[in-house]
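Naming follows writing order (A, B, C and D), and every chain is counted from residue 1.
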Amino acid sequence: MVEKHTSDIGFSEAPVRASEWRRFRRVFFERKLVTFGLVVLVLMVIAAAFAPLLTPYDPYELGDAGESLLQPGGEHLLGTDLLGRDTLSRLIYGARTALMVGFISVFISGFIGVPLGIIAGYFGGVINMVIMRAMDAIMCFPMLLLALLLAAVLREYDVISGIWVVIIALSIAIIPGYARVTHGVTLSIKENEYIMAQRAMGSSNMRVMFRHILPNAFPPLIVLVTMQLGALILAEAGLSFLGIGIDPPGAAWGAMVWDGYRYLANNTALWLSPGIAIALVVFAFNMVGDGLRDALDPRLRGLL
Amino acid sequence: MNKLLVCLLVLALIAVPLFAACDEDGVTTTPPTTPPTTPAEEEPVYGGVMRVVGGTFPSVVGYPPEFSPTDSIYALPCIERLCEWDEDGVQIPVLATAWVVDQDNLTITWYLREGVTFHDGTPWNAEACRWNFQLQLDGGRLPYGQYVESLEVVDEYIFRMHLTDYTWYMIEQYGWVMMISPTAFENAGDTLEERIDWARSNSVGTGPFQLVDFQRDVILVYEGNDDYWREGMPYLDGIEASFIPDPVTAAAKMEAGEADMWIYAQSVQSILDLEEMGLTVNRGTGLSGMFWSLLPNSSDPDSPLAIQEVREAIEYAIDRPAIAEMLGFGEYEPLHQIASQDWPGYVEGYDPRPYDPAMAEQLLADAGYAGGFEISIMATDAARDAVSALQAYLGDVGIDVEPDIADFGRYFTALFFTGWDDLVLAASGINPDATDLFVHFGPTPMTFMTGNIYKSPEYLALCDEALDPQYADAFEAMDTIRDAVMQAGEDAMIIPLWRDLSVAVMQSYVHSDYFMIHGVIWTPYDTWMEPH
Amino acid sequence: MTTYIVRRLIQALVVLILVTLIVFFVMRLLPGDPILIYVAQTAELEAMPQERIDELRAEFGLDKPIMVQYANWMAGIFRGDFGTSIFYREDVGTLMLERFPITIHLTLLSLIVGAIFGVLAGMLTAVRRGKWLDKIVTPLTYVGLTIPVFLLGILLIYAFGVKLGWLPISGYTSPLDDFWLSTRQVIMPVFCLAIFGVAANARQMRSSMLEVTRQDYIRTAWSKGLGERAVVMRHMLKNSLIPVITLMGVSVSIILGGSVLVERVFAIPGVGSLLVSSIFGQDYVVVQAITLIFAVIILLVNLIVDISYAWLDPRIRYG
Amino acid sequence: MPSIPGSEAYSSDKEKSMAELLKVENLKTQFHTEGGVVKAVDGISYHIDEREIIGLVGESGCGKSVSQLSVMQLISTPGEIVGGEVIFEGQDLLKYKTHGPEMRSVRGAKIAMIFQEPMTSLNPVLTINQQLTEMLELHLGMSKKVARERAIELLGMVGIPSAHNRIDDYPHQFSGGMRQRVMIAMALSCSPKILIADEPTTALDVTTQAQLLELMKDMVERFKASLVIVTHNLGVVARYAQRIYIMYAGRIVEEGTIKDIFGKPRHPYTIGLLKCIPRLDEEEGRKLVPIEGLPPNLINMPPTCAFLPRCSYKVERCFQEPWPPLKRLHDRHYISCYANTEEKTGEPTER
C-alpha cells in the first residue's frame, strides 16, 4: 500500500543525469544572442561557400563608365565602388576572404602555438625558457608591424602571393597568444593530483599532455580565438590601409573599408556596409565564444 | 533579443551623426566663399601667411645636389635658378639675364643678373655661379656633367662653360641648377660632411622667401625676403608648408578652411568636391599630371612581350577612354601615343590602336598565344584600382594578369636599376618641350627608365637626330620629335594609358599660378591673398 | 620581491637580444638594396655613377658581411649610437629623440584613457547589470572592438573637424609649448587609439566583477552592513582589477600598432609613420631602432603589470 | 584554551524568562531557476529571546541558511523574499529597502552573521585590520587609531596569539580555525544583539570545532548577545542551544527545548535524525538506522506533508490533509504531524 501512494502523489524522480550533449545544447542555445551569433556565422559560411551563386553581379567585373561610386538603391542594392563594381557582391565574396583570413590564421597559429605552450609548460626548465622567451620576443612586435614586416618579405619571394601573404604574416604574429594561454593552463594543471595519477599509471608524456592538459585549455582558448578573429579582420584592414593588403581585384572587407575611406564623402555605403559586416561577424564570434565557454564550463552556467 | 536590437541601434546611432556629417551635399560651414574672380584684373594685396598642405614633403632643403623632384619644388620659394620655363615652355631669364651658345668652340656663356644678393647678404656673381656648378659636379649629380670640360669666370657677372659636346637640351639641364650661397655653405662647418649636413636642413638662396624653420616631416616656415631683386615683391608675409600624408585628411583641412592651398592633390574625387564647394582648382596650362603607361620587358627575348603583336594586342585590349573616365571622373586624358594632346610633340590624328578586343584576340592568335597567357603587372599600391581595371580588360582577351603590388622601395629599384619582369605600370613627368621623350624613353645615358624596353634602331636614330646641335631648341627639333613619337607608336614600344591630374587646390581668396607651369614651376613671388 | 624583479630583468634582456636578431635578419630578407632605393627615390633625372653608389654603401657599412654589420650595430647601441639613417642622412638617435616622445605621449594618454573609462564602464555595467546603462554600453563595446582605427579617425575628422569645427584636424604640438592647443589636437587621435582599450577593459572588468560578486567575502561585506559604494569600491574593485591589468600589457602593443595608422590619418610626426616608410625604404637602422624601443616599452609595461599583480594580490607577493 | 571568566554563572540566570528579541512570522523565500520556482523557505515562524542560544537543524537544502540570509535581506537574484515578517526591536525588517540606511544600520551592528567557509569568507586582498576596523568606524564612528586598538583587543579575546603584530597580515596567512575566530571577532565587534552562525564549524576538523563552539558560547555570553546556530549536526547544538528548531523542506517540523528534543522527540523526522547519530549515554550494539530516500525536490511540492514518502509513522490523515500546522504538545514543545508517535518511540516498524 505504501508503494502505490508514493508514485501517484507525483513526486518527481530526482533528475535523471541529462546526457552531456543535451545539457550542452540546452545551455548553448539558452541565450538568444548566442543563437543569433551562430545564425550569423552559419549565414557567413554559406555566403562564403556559395558566393558565386548568391551574388547579383560578378564582383570583379567593371561597371560601365557612368556606374562609378553609385549610391545604394536601384540595381545596385549597396551601390558601387570606384570601378563600378557591385558593393553587395564584393561584400559576399568578402565573407570568403574574412573567413579565410580569420579561420586559417587562427588554425595555423593555434596548430603551432598550442603545442609549444603545452610543451614549454609541461617540461619546464630550459625548454620552457627557450620557447617562452621566443614567444615574448614575437610579442614585443605590435601585431600590425610584424605583419607589415613579414608581408613585405613574403611578397618579395612570391612563393606565396595574394591572400596567403596576409594569412601567413598574421598567423605568425598571433602565435604567442596561444602559446601563453596553454602555457598558463599547463602550469596550473600540472600540479593537480590527477595529472600525477596519470603519470603514476605510466601513461606517456604525450598522452598526458594532449589527452588531459589540452582539453582544460579549451575554454580560455575559445575566448582567445573569438577575441582574435575580430582583431585579425581589423589587421587585414590595417594592412590594406598601409598598402600591402589583399592583391587586387580581391574582395576583402578590410580593403573595402579602405576604399570607403578614400571616397568617404561620396558614397557612405562603401565604408558603412563592410564596417557593419565586420562588426556583426565579430559580435557573432564573441557571442558564440561566450556560449561555448558557458556550455563547456558548467560552473558559470546562466550567470553571465 | 532586445540586447541585439540595442546593439544595432547603437551602431546606427554612431554612424548617423558621422554619416550625416560627411554626405557630400551637406551644407558646408566653410568660410564665405566670394565668387572666383579672374586673377588678372585684381589688384594684389600685401600681407598674410599662406598655409600650404602637401601629400609629400622634402627631406633635403638646402643642398641641391641631393634634391629630388619634391625637394626642388619645396625649395622654389627660397632658391632660384639661372632660367626657367614660362607657360609655353620657353626658357625665360631668372638669375641669368642672357646666355650665348658658341657651337664652334663649344661654350655656353651666361650673363648674370646684377644687384642680386643671397639671404645672408653675400652678392650673387659669376664666382658664386661657378662654385655652385662645381658643387654639383663634385656631388656627381650635374645632369650632362660628363660633357663639362671646364668652368670659367670671365668677369664679375659673366660665367662661361667649356663643353666637349653640345645639344640644345643642355641649356635646360644647366640652367636649372639651383644656386645657394657659397659663403653660408663654406662657414657652416669644418669638413665637407658637416657643411652638407648643415645644408640638408638649412637653405640660403636668393629667392623671394627665406627659410626660417624646417621640422622634418612636419613643417617648413618661410618669411618674406625684403630686399628681393624683383621690386615690390613678394606680396605674402610668409608661407607655412605642412605635411599631410593622407589625401582625405588634406581635403578635410581645405574644406574646414584650416589650409589655404593644397599641393600635390591627386585624389580626383576630393578635388572635384572642393571645386563644387567654391574653391579654386589650378589645373595648370600645359601639362600638369603624370604620364601613365605600361612598360614592357620587351628586351628579354623569351618573354612574350618581345613579340610586337603581343604588345599591340595588349594595347587593343585596353579600353583607355573608359578607364580614364572611371578613374579620373573625366579629368584624365586617355592617351594613344607617347605624347599628350597638349604637348608640342603630339602627332595629330595618330591613334594606331583604339579599343578592339576582337583584334587583340586575333593578334594573340597570330603570335601563337591563342589560349592567352599569364603575365604580371608591377605597380605601387596607389595604382591598385588601375591594376584592377587593366586586369579586367586584359582578362577578357585571355591575358591572365597576376598583380604584383610593390612597396615604393622595390618599385623604384626595379624601375631604375634592376629591371622588372613582364609589365610595370609607370608614371613619368611630362615636359612641355617633349624633352622627357628622351629623358624617359630615349637612348642611354640620359634616360633612367630604359630598363628592359626594346627600342627599335629607327626610333633611337630619330632620338639622336632630334638632339642634333643644329637645332637651337626643342621647337626647332619638333618635327623630328614627332617622327620619333610616330615611330614609338609603330613599334608599340610602350603602351601609353592616360595622363592623370595633379593640381593645386586653393581657397577662393588665394591668387597663385601654382602648377600653372607644367606641374613643375611655381612663381611664389607673385602669389597673394585677399584678406580673409 | 627584488629577486623576482632581477630574474624578470634578465629574462627581458634575453628577449631584447632575440628581438634584435629577429628584426635584423628579417629586414635583411627584403631583397632590395637600400642604397639603390635611396638613390632611386632622390634621383633627379640622371643615373648616379656606380662608384658614387659604392661610396655610399661603404659610408653606411653595408658592404661588410652581415654578421659584422650586426656586431657593429649592437656595439653601437651600448655606446648610444644607433647608426645613421640612409634616407634621412641623420643620426638615428636624434631622429628618435625628435619623434619618439610624440608616440609615447599618445600611447600613454591612450592607455590611461582606456584604463579609466574601461574600468569605469565595466564597473557600472556590472553593478547596474540588466539596467538601461548595461543595455547601451555593453553592445557598444562590440563597436569599440570592431571599428577600424583609421575609419574612426576620418569620421571624427569630418564630424568634429570639418562640420562642427571644434577640434583642429591634424598636426601635433608639444604640450610644453602650447598646452591648450596640444590637448585639443590629441583628443581625436587618443580617442581612436583608446577605444579598443576602453572596449576590451570594459568587457573584461564587467565579467570579472560579475565573478567577484558571487564570492563569499562579498556576502560577508554586505552582512557587515556596508553600503553599496563601500562594498564595490573597497571590496570588489581590487579583486576585479587583476584580470584587467593583464589586458594592459596586451593593449600597449595594440596601441603602438594602431599609432602607425592614426599618425598617418592625423598627420602626426610620430614614430609610427616613420617606421612604415623605413620598412618600405629598407632603412635598416631606423627600423631596428624603433622596434628595439617598442620592445623595451612593451617589456617594461609587462613587468609593471606583473609587479602590480603582487601589489594587488598579496597571495602572489608571498606565494 | 584559557576559560573565559564568568562562564560558570551562565546556568543560573538561564531560567529567568528573557524579553523576546526577534520574531519571524511566516517567512517565505523563493528562487526562480530554469527548472521552476524553488520554495526554499515555505513559511517558517520562530523567535529568539535575549541572551538565548537556539539551534536551527536540518539536512542540507532544507532552507535553514536561506532563512537566516532572508532575515538579513542578503538574498540576491534569482532569489526573492515573497512573504512574512521579521520583527526586530518593534520594526518589520522586511519593510526596509534591501540596502537602505535602516537595513544597513541593523546589519553588523544589531544582527551579525558568520559563515561556513572560513577560507573564502574574508577578502583575500585586504588585511585583517582593514576588514575589522571597517565595521567599527562605520557603526561606532571610531577613529582609525581607536578602531585598531579595539580590533587588537577583540582578536585577543577570540584567542588569536600576539594579535598586535598579526593584525596587518592577510587572510591567507591564517589557518581555517584562526580565520573563523577572526570572523567571530569581526561579527561581535559592534556588540550586536544577535549573532547568526551559519554552519560555523562544518568546514573545520572536530577538535577545532569544539574549541570554536566553546569560544562562541563564551563570547556571546560576554557580549550579552543571543546566538542562532544553524547546522545539520544535532551533536553541535546538543551542548549549547536552549531551544531547537528542526527544519525539513523549507518548514519547521518540530520545535522544543533541548530536553524535549533529545528527551522525547515526537516528529518522525526528528526521531529519524536522532536514530542515526551515536549516543554516549547508550549501550553498544544499537544499530544506526539512516532515513531512507532523498530530500524532496523543492520545485513542485505536494500540498501534503513533505516527509510523507520517508515517514514510517504515516497515518491515513497524512495523505488527505495538507501539511499539518505546528501544534503545541506542552510547554514550548510543538510538532507538525498528525501521527501520534508517543507510544512507538522505542521500535519503529521495521522496513
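The rule we apply is simple: a contact is a pair of C-beta atoms (placed from the backbone, for glycine too) under 8 Å apart; a residue touches a chain by one contact, two chains touch by 3 or more.
Every value quoted in this text rests on a predicted model; they were computed, and no experiment measured them.
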item: From chain A, the most remote chain by mean C-alpha position; value: D
item: Chain pair, A-B or B-C, that carries the greater number of C-beta contacts; value: B-C
item: Nearest-to-centre chain - CA centroid comparison; value: C
item: Centroid spacing, where centroids are CA-atom means, of chain A and chain D in whole angstrom; value: 51
item: Approximate Å spacing (C-alpha centroids) for the pair chain A, chain B; value: 46
item: Centroid spacing, where centroids are CA-atom means, of chain B and chain D in whole angstrom; value: 91
item: Rounded Å distance, chain B centre to chain C centre (Cα mean); value: 37
item: Residues of chain A engaged with two or more neighbouring chains; value: 152, 156, 261, 264-265, 275, 279, 283
item: Residues within chain B bordering two or more other chains; value: 3-4, 7, 11, 22, 248, 407, 410
item: Residues of chain C engaged with two or more neighbouring chains; value: 30-32, 139, 142-143, 154-155, 158, 264, 279-280
item: Complex contacts: residues of chain A adjacent to chain B; value: 32-33, 36, 60-65, 68-69, 82-84, 152, 155-156, 158, 161, 243-244, 247-249, 261-266, 268, 272, 275-276, 279, 283
item: Chain A residues within the chain C interface of the complex; value: 129, 133-134, 136-145, 148-150, 152-153, 156-157, 227, 230-231, 233-234, 237-238, 241-242, 254, 257-258, 260-261, 264-265, 271, 275, 278-279, 282-283, 286, 303-304
item: Sites on chain C touched by chain A in the complex; value: 11, 14-16, 18-19, 22-23, 26-27, 29-32, 139, 142-143, 145-151, 154-155, 158, 200, 207, 210, 214, 253-254, 256-258, 260-261, 264, 275-276, 279-280, 287, 291, 294-295, 298-299
item: Chain B residues within the chain C interface of the complex; value: 2-4, 6-7, 10-11, 14, 17-18, 21-22, 26, 28-29, 59-60, 66-69, 71-72, 140-141, 143-145, 197, 200, 215-218, 242-246, 248-249, 252-253, 255-256, 258, 407-410, 412-413, 415-418, 439, 445-446, 448
item: Complex contacts: residues of chain C adjacent to chain D; value: 213, 215-217, 219-228, 230, 234-235, 238-239, 312-315, 318
